[in-house]
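So, here's a batch of structures to check.
The following pair of complexes shares a single chain, chain A, combined with chain B in the former and chain C in the latter.
Up next, the complex of A and B:
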């Protein structure tokens, strides 16, 4: 027993010693403190190549993976960018050409200059990854060592050409150029042929296959060293974190006050909450959280909450092939039954606010896109049970013993599908079920085991009612494609819009709205075509189409918007200060961009 | 000796057949899961802000890592690859070999589970002997109650509790990485202490969750042995109590020996909840992620490793048992 006691004491001392050693390292408060945050784009995996084209490669956006410029992500000012490797940029009046001037002092971490040739090589690689085609890039012309001109493909109509071009990753030509054949631009030219000449079309197909094959080999490429033109360079990593140190050759190295960065891996929100509550993160990206976690996080006095709008909303969506959800008035009645404020208070109390309108986009985005004249035509579907009852009665529904019966006399029951692990959807499903049941519709949430299964079942038209994330992006095309894209049967094939009716169960049309919708203004619109058109309009030309889509969504209610997410981030001021909390566009970017712009400085040693 | 060798060869042969049978079964089972890696990846890219067209193009490039031949052909290629120790390439870890990913994760699981297993086994067995011998005294009762309590607490509850106590309430222990990446790995004290401090919480969680099981099993086994005639005979002959305790322990540990060696086999399954709570980068975490992204090759590889480990542990247990307990040899 004595031995046992001694062993216990020794073990305790060892644990305390180790703990204190660990604390000493992580809690240091001086100019050498490493800036710690979570990297949320992909897992950190030893063995993955240090290659930005590999989706899990150990290359980290804004730190050692650089773009020409960084988008502000603001819905109303999509063309607001912060400089990256590009110092300045301009667009021709017709939007067909973009001229980009590189930072004169831009260098790679081995001291070599970043040149226009590097950008040209990167654009060629973008063709092998399929990204250049998505913004209609046609050709690249080197104007000087630091100046380059990008042109759209002949006949291109893509209006976000420069916007997308600026967000391309730039890699060193001396490292990646050898992966491309000498005739890469001839192959690219051939691949872009879209005419009817059979021989040329066959050549184009062959060239496209060659590009895809090249793409695969490029994503596998594993450079021996990390060559960065960003503010940091990867020093080492383990499966839990990546450690980067300042790149002395960075063009704005004098602005970067942070000497090292630790990027934490994470597998779920729980880990981020733990890091946040423990005060380990100097910057915490957006993560959904319940109220008690928020309170615990704010108990740490140095954690500061920063809230900015997002463009993501949670909705209750309907598959209109199921009775009675094909009836637009039933959907409207349900919108009146649901008390959105009560749902949001329980489901997403911290990073959500109740949606004011069902219009396909968040209220913060709509404030800038939707004029008051159009807004006045929209219905807010404010909680009104009498109105809901009156609509249902008009549609032939009857209430018996407190329960609504369908027009055919059968009881009305509803399963609301939600996903396991999506705590906000589950809570939301419970509250909505309770509200509907109180109203007289037997509703209950049904939890699906995984998001993968949920999406597959949704596309296969297995659910009548379920939760859906709509909007998703400040890009209005992406936002409305969440409704009037594949979910409503509209797909883009070879650059052309194709519609698949809901009768074809294999094409993912699970909403099933009619193709033509007559609006209260008297105009008839095709929402899929209007959404597709957004892709070809400049932001300042999109307003008319956006307003029509918003009105169509409000009048035909393919889904009821329940809450908008808010972008809640945290910064911790115990080790660093001067965070860009007042610059919404900058806060939408990773901390590497903040640091490159001169923000974030270590606090003086105590 | 000849019969031993024949038995050994036969067990190895049947073990290989078993591995192939399980590998075949899991190959088809995982493909029956709803969802597929392409749509999982497509949706992930959309969530990251790509437009649908960009995401589609990106997935097309990635599609090269996903076999698109008929399932029958894929199966033949898979088995053929296995026979050549080729586990294929991961889908979610684009273009990286499955064996490489598994071998990277395996050491962390071994550190966690092996240390936790040894600690819980040694402490549990010792406490089990004491609680059995002193079962009428307060110390015996305390030990038994502690075992019962800890045995009843699920791993994930224990993990969450320790995580809350030592990372949130009193944030004295690190978590989320196997060691501090700013320290040079090697045989130096800063690295070793960092490695140990990062492993404390997951290892202690594992050890505490397993300790109760060992204690209760050992106690029950010791009590059974205490009633055997040879113990009475030893006492009558006036042998020293330490000698008698030795006899008791030797006989009582036999059932635990089987459990222990089998646990070593199951060790490769990782400890999914613990690794997930502390974001410890082992096989359990890897398995969860591969299921989430429908990474078929990685799932197959992880399941296969667990299968092989359990079958090998079974064979070793069988043979070692004959040495530990001579009665089996008869």
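Up next, the complex of A and C:
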């Protein structure tokens, strides 16, 4: 009798268990399936505020953090945008004004309408974060409830004004407006003064300080609830994931077919690889990985690899203050020593391609900008140890017992600085060290604890040789400013170009090229001025300046380009389909944008 | 008085003088008594030889081979290769010197600090005891590994001496407490009383009378501290907070897990397992050898006396 009782209880448990598993199985395939991915910009930190201005904040671009519009990031069409909170936009012929019309149906997740006032408040906050100044914003005029006009500062000549303005984050005025003083716009006006009147200049300085201070308090602001005008709204946050659900007030809610999104936390690439290999991520953003991981990921049949070009390159940069790197021929010799193919094969085998030319931009971008006549003048610095040796000998270097000695007779040693956690840089630094050591220069990689520390030390001129990301964007001004901007002493202050010599260690000039560079064409150029000029020209007028900058970079080698990154992403088609894999511009954006545009649909339940 | 026939001449009593057995002979005996101890001893000798001669077996710069990245185990690469095609065996052998030297120095510092502090505190009691024990408590309450992590961001551990010193500084607390309590009990014993009665100096009493009695404990601790120090330094390197040496076992583990994907794909497994195997073998050797050390220093355990 007892046995029967026990058996029946066991049976009951078994039946319950089976039915529960069955429910779980069907749930993963029905239309309620949640879309799982990782947030590209940072891991989840549950303690951080739900604030888009906080660098680790729990506000997620394209999901619950919205912009006016989303840039396609295409080199061929820099001005192609996908609508965000703005429905349409137009620019005055001189590029000084941008008029933006908001989505008529745009609402915040509490049902309130998204208005021009929200945009105005957001632009005021952009001044406190320093972003508005970067695109020369001068004033904001509310034309109607849903229409707004943005103007450049008087005398502004920034050609990407509307391009940058459209990419500003928009926050609700009823939540963030109270953080700003009532006279915020007069403070902003004061801060923009660029004339010679000393009282006004002092006032401007005071206003700028006030804005900076405000900016800091805004980044710390922790709103109690997440108010979103995006397709999703944050529902739950824990150390494992951020869980977002569909926002019924989203202006294009009918296009969004995904009901919830899980942004998984990660502590490093390795964790993302595990999710990817297990087929748990519906979309995997760009992640550096070794070949064995790529193969494993592709073993999962539903994982699809999507490759689009990027405009980011990794290079080995020199501080010319340090001996012997101030000598251009030494930098050229080093370019001949480094076997870029071998470095890329070890360091970035999957998401990289060896750089063909050192010209300041990636090879894929260069294809559109550099004519064959200019290309033929460029040096490929292909791996050639004999050539490197002969250059060094000419410069007075001597080789003794297999080791190169500097012209002053001292041994040549090199620390290549890389960042902890950047495995591609560490491995790249190690291979380059091996190649240099084989050649007779004692080199070793040195790891810096964090990227923030690395950037600060680099700017403070502490490193002679280190890795650097150059190019960065299809926008040629941004690309060349990675070399001939602040790193080489050229800064834009109130719309004017200012040069700081390397002797002033506080201004961040860590490259230290001379101001005037004579090219093989006989022309003398100032790379800082040329780069600044790119900022003033429309893309179709930029070609001449770009070619000169590319040639100057090739001839003066401020940094040796090692590899170009390729933008490799994955989508998983087991739970969702209709990914925008054919639309390169959308693939350059995050999944929230895809969904808002009507892409990504759950597969029908089995 | 006639001597009876049955009487035997009495031989003079001439006992063999006890010359004692030399320490080394006794030590050898305690090692060879059990097979496990011999194995432990052999492993330790192997690693010591590796640390001393390893770097001379290879060129100062290990060759790389970009055509053999994460190569599987073969005759050419008995333990496979790393991310740039360098033999893992070569990395383990050349890396042994730093790891072992730093650990040995760390253990030595631990034992020296701990013993001296413990002896002084336990023998003199009173205010010196209070001061030393409060300092000890301070070091015991600080979690040593996080402290190491913080210290390593400030100091450069490029040299094993620096690493060993830091490891020693952070781990002597427990040792000092144990030696103190043993000293407290020994100082009340008759032979110490007698030595004090003879007017011998405290220095003599501490180091000639008390120290030999705690030497077994110290010897054992020296070896266990070595394993502790190895784990601590390899842990630091694994976290990537100390200088990057491609042949450091901790760096190898770090690169295998975080760059090579050894946890997600079997291709890079030899790269992960090589340093783990080295660590496992070394720990095994030390644990097996501990048994012999106990007997060497503790006369009561000597089975033939």
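We take it that the second predicted complex is superposed on the first by the 422 of 606 C-alpha atoms of A that agree within 3 Å, B and C clash if a C-alpha of one lies under 4 Å from a C-alpha of the other, contacts with A are read in each partner's own complex, and residues count from 1 in each chain.
Just so we're on the same page, a residue touches a chain if its C-beta (ideal position, glycine included) is under 8 Å from a C-beta of that chain, and two chains touch if they have at least 3 such contacts.
Quick caveat: nothing in here was measured; it's all calculated off a predicted structure.
Which chain, chain B or chain C, is in touch with more residues of chain A?
Tallying touched residues of chain A, the top partner is B.
Looking at A:150 after the superposition, I want to know if it touches chain B, chain C, both of them or none. Which is it: first, second, both, neither?
After superposition on chain A, A:150 lies in contact with neither partner.
Quick one: classify A:446 as touching chain B (first), chain C (second), both or neither.
second
Looking at the overlay, what does A:420 touch: chain B (first), chain C (second), both, or neither?
Only chain C; A:420 stays clear of chain B.
Quick check on the superposed pair: does A:472 touch chain B, chain C, both, or neither? Answer first, second, both or neither.
first
Looking at the overlay, does A:430 come into contact with chain B only (first), chain C only (second), both, or neither?
second
Once the shared chain is lined up, is A:274 touching chain B (first), chain C (second), both, or neither of them?
both
Just chain B (first), just chain C (second), both, or neither: which does A:130 touch?
So A:130 only meets chain B here.
Answer with first, second, both or neither: which of chain B and chain C does A:296 touch in the superposed model?
Touch partners of A:296: chain B and chain C.
Just chain B (first), just chain C (second), both, or neither: which does A:54 touch?
A:54 contacts chain B only, not chain C.
Residue by residue on chain A, keep only those touching chain B in one complex and chain C in the other, then list them.
Correct list for chain A: 268, 270, 274, 277, 296.
Give the list of chain B residues in touch with chain A in this complex.
The contact residues of chain B facing chain A are 33-36, 39-41, 43, 46-49, 51-54, 56-58, 60-62, 64-65, 92-96, 100-101, 104-105, 108, 126, 130, 163, 167-168, 171-183, 185, 190, 193-194, 196-198, 200, 276-277, 279-281, 285, 288-289, 291-292, 294.
For the complex, give me every residue of chain A touching chain C.
For chain A paired with chain C, touching residues are 268-270, 273-274, 277, 289-293, 295-296, 342, 345-346, 349, 420-421, 423, 426-427, 430-431, 434, 437-438, 444-447, 449.
For the complex, which residues does chain C have touching chain A?
Where chain C meets chain A, its residues are 61, 64, 66, 69-70, 83-85, 153, 240-241, 243-244, 246, 255, 257-261, 263-265, 267-268.
In their shared complex, at which residues does chain A touch chain B?
My answer: residues 1, 4, 15, 17-23, 25-26, 34, 41, 43, 45-49, 54-57, 73, 128-131, 133-134, 212-213, 215-216, 219-220, 235-243, 260, 262, 264-268, 270-271, 274-275, 277-280, 296, 450-453, 455-457, 459, 472-473, 475, 477-478, 481, 485-486, 492, 535.
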